[in-house]
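Letters A, B, C and D name the chains as they come in the text, with residue numbers starting at 1 for each one.
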Amino acid sequence: MNTQLEKAIIIKNEPWTPEYYLLEFSAPGISQKAAPGQFVHVKIPDRRDILLRRPFSIFKAESGTLSILYKSVGRGTRHMAKLHAGQAVNLLGPLGKGFPIPDTNKKTLLVAGGYGMAALYLTAARAQTPGLLFAGGAGKKDILCAQDFTALGWDVRLATEDGSCGTHGLVTNILDAWQARNGKSSEPELFACGPMGMLKAVAQRAKEWNCTAWISLDHYMACGMGACLACVQKINRDGEERLACTCKEGPVFEAREIIWEES
Amino acid sequence: MNQPDLRVNLAGIAMKNPVTVASGTFGYGPEYADLIDLNRLGAIVVKGVSLNPCPGNPLPRIHETPAGMMNAIGLQNPGAKAFIKTYLPFLANYDLPVIVNIWGRTIEDYEGVAELFEGEPGVAGLELNVSCPNIKEGGNSFGTHPDLFEQVISAVRKKTTRPLLVKLSPNVPDITVFAKTAEQAGADGLSLINTLPAMAIDVETRRPRLANVVGGLSGPAIHPVAVKLVWEAARAVNIPIVGMGGILDPEDALEFIIAGASAVAVGTATFHEPTTVLRIIEGIEEYLLRHHLKSIAELRGTLKTGAR
Amino acid sequence: MNQPDLRVNLAGIAMKNPVTVASGTFGYGPEYADLIDLNRLGAIVVKGVSLNPCPGNPLPRIHETPAGMMNAIGLQNPGAKAFIKTYLPFLANYDLPVIVNIWGRTIEDYEGVAELFEGEPGVAGLELNVSCPNIKEGGNSFGTHPDLFEQVISAVRKKTTRPLLVKLSPNVPDITVFAKTAEQAGADGLSLINTLPAMAIDVETRRPRLANVVGGLSGPAIHPVAVKLVWEAARAVNIPIVGMGGILDPEDALEFIIAGASAVAVGTATFHEPTTVLRIIEGIEEYLLRHHLKSIAELRGTLKTGAR
Amino acid sequence: MNTQLEKAIIIKNEPWTPEYYLLEFSAPGISQKAAPGQFVHVKIPDRRDILLRRPFSIFKAESGTLSILYKSVGRGTRHMAKLHAGQAVNLLGPLGKGFPIPDTNKKTLLVAGGYGMAALYLTAARAQTPGLLFAGGAGKKDILCAQDFTALGWDVRLATEDGSCGTHGLVTNILDAWQARNGKSSEPELFACGPMGMLKAVAQRAKEWNCTAWISLDHYMACGMGACLACVQKINRDGEERLACTCKEGPVFEAREIIWEES
């Protein structure tokens, strides 16, 4: 395993969209090892009352620099938004089993919601051939980094629930539309990260279309190392039903393996 | 100056230093082995193991609180046999006493799991987690009912020749009653404290933060509660004590030792900073040096409560 | 939209909102009166008063802990008569129900102080602090021994016609036993929780941080413990509950109400920020508005514990 | 009472001596009301795990600016040392009953150790006629602001235990020396703030010399408002023995009133 603890130095911490921040670190160790879909576990500096680390998908990782896109939603991320360049932040990573390398015999379809676009960026950046990104959200503000995918030569299709950007509707609508038109000509391979409802919908599509879908799950985590069992997901792998640690065996699972809870 | 002697004989378990990890916060060994040299630990206490596999509780299982966290993992574990097969051989590669935390829902469960480990040379001792409800006795907790408490310890004592630590529940009006009962029932040592029963609510959804509704509070928030209970227990019994609850800094561990603990266990702090356990060992050593104490034994139970 | 109805009838005490202050953290009234408009509080619970003056403990009496503090003030107070003379006239200037927290070291002490307040129209209710050791019964705490607990409540009940709140100790394995006993013994309401027994050690001097060695832990650190106990107590009895322990933000107070409390009390947070109690009142009102709830009663005890 | 809560803005937070920091606030409300020997109760910003405020003597207070001199000794003051200009800090103050105006018929003698020099500065600055300051410490680094008193025209006498500055010895030695030489010609009035041992020694002198000594006590505090009873001192006032809140009736008491604990 190549997980390490690293004292990363903040290069930049600035608003990226109205809701998300870009946090860029100098973290030569972790950035070098980072694979698509993996995450880092961030210790909130100077706040010993905030005990648990916070998990964030690795957005970019190159030449010693690591970045994440995070939304300020609670006490940990609110404190993160106050950090400034030069400060040291303790990172644990890279963690987890991320996305596999896209199968070049298939059509690579990324499906993203919320921070999912960040989580999927490295998959696109390191894919041999560009594919398509379907990204959605409530509105324009939820579309995080379409331009980064476009710059890689990817075909970016957007959908927002309020119609403020791209097609009016859910991201699965535009995915379905694509499938209806192209599904026969090329077998898709799906890579998804986003809200639970979207993930379930993507898993549903994979089943209907009889294709592979890689799903990145988001459960609450304490250790990030497979030790505390906070983050388990019921899966069926090789015919055996069991609980897998999302932090270690995930966050990415094949859709077929995942045994969804009723809710 | 000479290095102070950190060694501790914990109820027959030879520890190279007084620092171990709290059950359930360090997995079964492999989880942190790439980050931390396991050979440096005084001992490892593994996640609670039961006779049969246990799936644990639904998610969410954890929730963060001010200077603490709550968990309701629900004692998920692969069962004693799988533990023996998968983890004991791994742990045998280290110069590390293995203390197995065991639990059950009936006295027979406890007996069964204790017996299983009798044949395992890789097990240095057992830690009895009694904070579980007895399903046969209407769900009364073994840890807070003196009779059940006495019964389960006596029963396990008959089944094991290994050093037997009993892990006390903090949730009782007088810890000395349970400490003494454990000693009389044959415990070789005590571990305390387990988590405090707690609960949190998401006011927006009006749902409990944990699927299990109630969970156990751990972390620095509970440290002063733990120190008080360790101090009281240490004065009530003659068997050694492993102090735990909220250790984050070396000083927190030293408080337990000064209060009378022979060893300490680092729990929740490992999630915050995986290397905490090493920093605690170093901090204790540094303290002994600075205070010109030749061994950890010279510090144990030296609280001065007289007039100032 | 209409302002939500924040009024609460707490066991006969008419509060304009469900927010009061925890005994011992707000003095007797004048202390914070220049910073906070006392007329805005739902009620005031004054520092514990005993029949005779009490000098309290030696210093140091407080120690800070992670997200909490410990205190061993030792119930210093000028005695009931001095309280009546000095503070009741001051409090009479406000539109503010006065709840007097009372305590004693014997049942007779409790009876005596309760009786004294019978003649005082300025007293809206009594809060019985039972977390004291009974000096006649070998120092067993009234709050953790069911028999003593029942006796002291029954005795005081006979001496007072005022709404009688009983303040429960958190330090028991099953709070419902004490909640029900209090109800049966004639309590009109319950307050919980009191502080958790705790201790801290200065490792450099190896002395306890508090001159009294042991003290009571309060503050956000204990909030999840308090929520759990309030939730359990609320389901066990039909009398109203004042929830307290670690309230710092409006959400903390709302957790108690959703768990079943009729009112809440702000304690340690007042030291951090004296205006906390006002911010809690405002935050509750804002929450009710935002959730389209017409009254605080619509929120009380609405925790959803069913399947997600 | 004129105690208030004020959102003070940091103007400056910088090392003052090797151990002490100067923290200067814009705090028009409190600074205007501040009297010599009073203190402010500082809420540690951004650290909700640090619940209790920290009490600090008011050093200077003029034209809307308030300053304190603080030593970084524990988790609260360590965090304070990281604050920077522009940040808001919530202050509660001015608190307590400080030093009285020096009696112009007597010789004003200030006796300081540690932060006591800061606590006594306003007494000097607002005195009608300059007097003497006796200041001491373990070494030169403990002499905080002699120059501020000199600038006011005060006669400053120093003593350090290691002899690195002023007379070699205790501050009470140079006080005694002064008294031996001048005690007959003018009746002294003592004003003291510093470590407990020094305060007791000064109280002892006041008794021997049969003069008035004003002693500023330093007890642990929670509320600062007389509500929690954390900070009580046993005193005898008007023949009645009782416990007084140091935060409200003190921190300054007349030496004769104080009933010292054995220790």
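For this structure, a couple of remarks:
The rule we apply is simple: a residue touches a chain if its C-beta (ideal position, glycine included) is under 8 Å from a C-beta of that chain, and two chains touch if they have at least 3 such contacts.
Keep in mind the model is a prediction, meaning the values are calculated, not measured.
Contacts with chain A and chain B are shared by C, D. Two chain pairs are in question, B-D and C-D; the one with more C-beta pairs in contact is C-D.
Computed from the mean C-alpha positions, the centre of chain B lies at a distance of 47 Å from the centre of chain D.
Between chain A and chain D the centroid-to-centroid distance comes to 56 Å (mean Cα coordinates, whole Å). Rounded to whole angstrom, the centroid-to-centroid distance between chain C and chain D, based on C-alpha atoms, equals 36 Å.
Averaged C-alpha coordinates put the centre of chain B at 33 Å from the centre of chain C.
Counting partners per residue, chain B has 58, 66-68, 220, 248, 308 as the residues that reach two or more other chains. Contacts with at least two other chains are made by residues 48-49 of chain D.
Taken chain by chain, the contacts link every pair, so each chain touches all the others. On the side of chain C, the complex with chain A involves touching residues 66-67, 307-308.
Taken in their complex, chain A has these residues touching chain D: 46-49, 79, 82.
Against chain C, in their complex, chain D makes its touches with residues 1, 3-5, 43, 48-53, 90, 92, 219-232, 243, 248, 261. On the chain B side of its complex with chain C, the touching residues are 58, 65-68, 70, 141, 144-145, 169, 171-174, 196-201, 203, 205-208, 211, 213-214, 217, 220-225, 227-228, 231, 246, 248, 251, 254-255, 258-259, 287, 302-305, 308. The part of chain A that touches chain C in the complex is made up of residues 48-49, 262-263.
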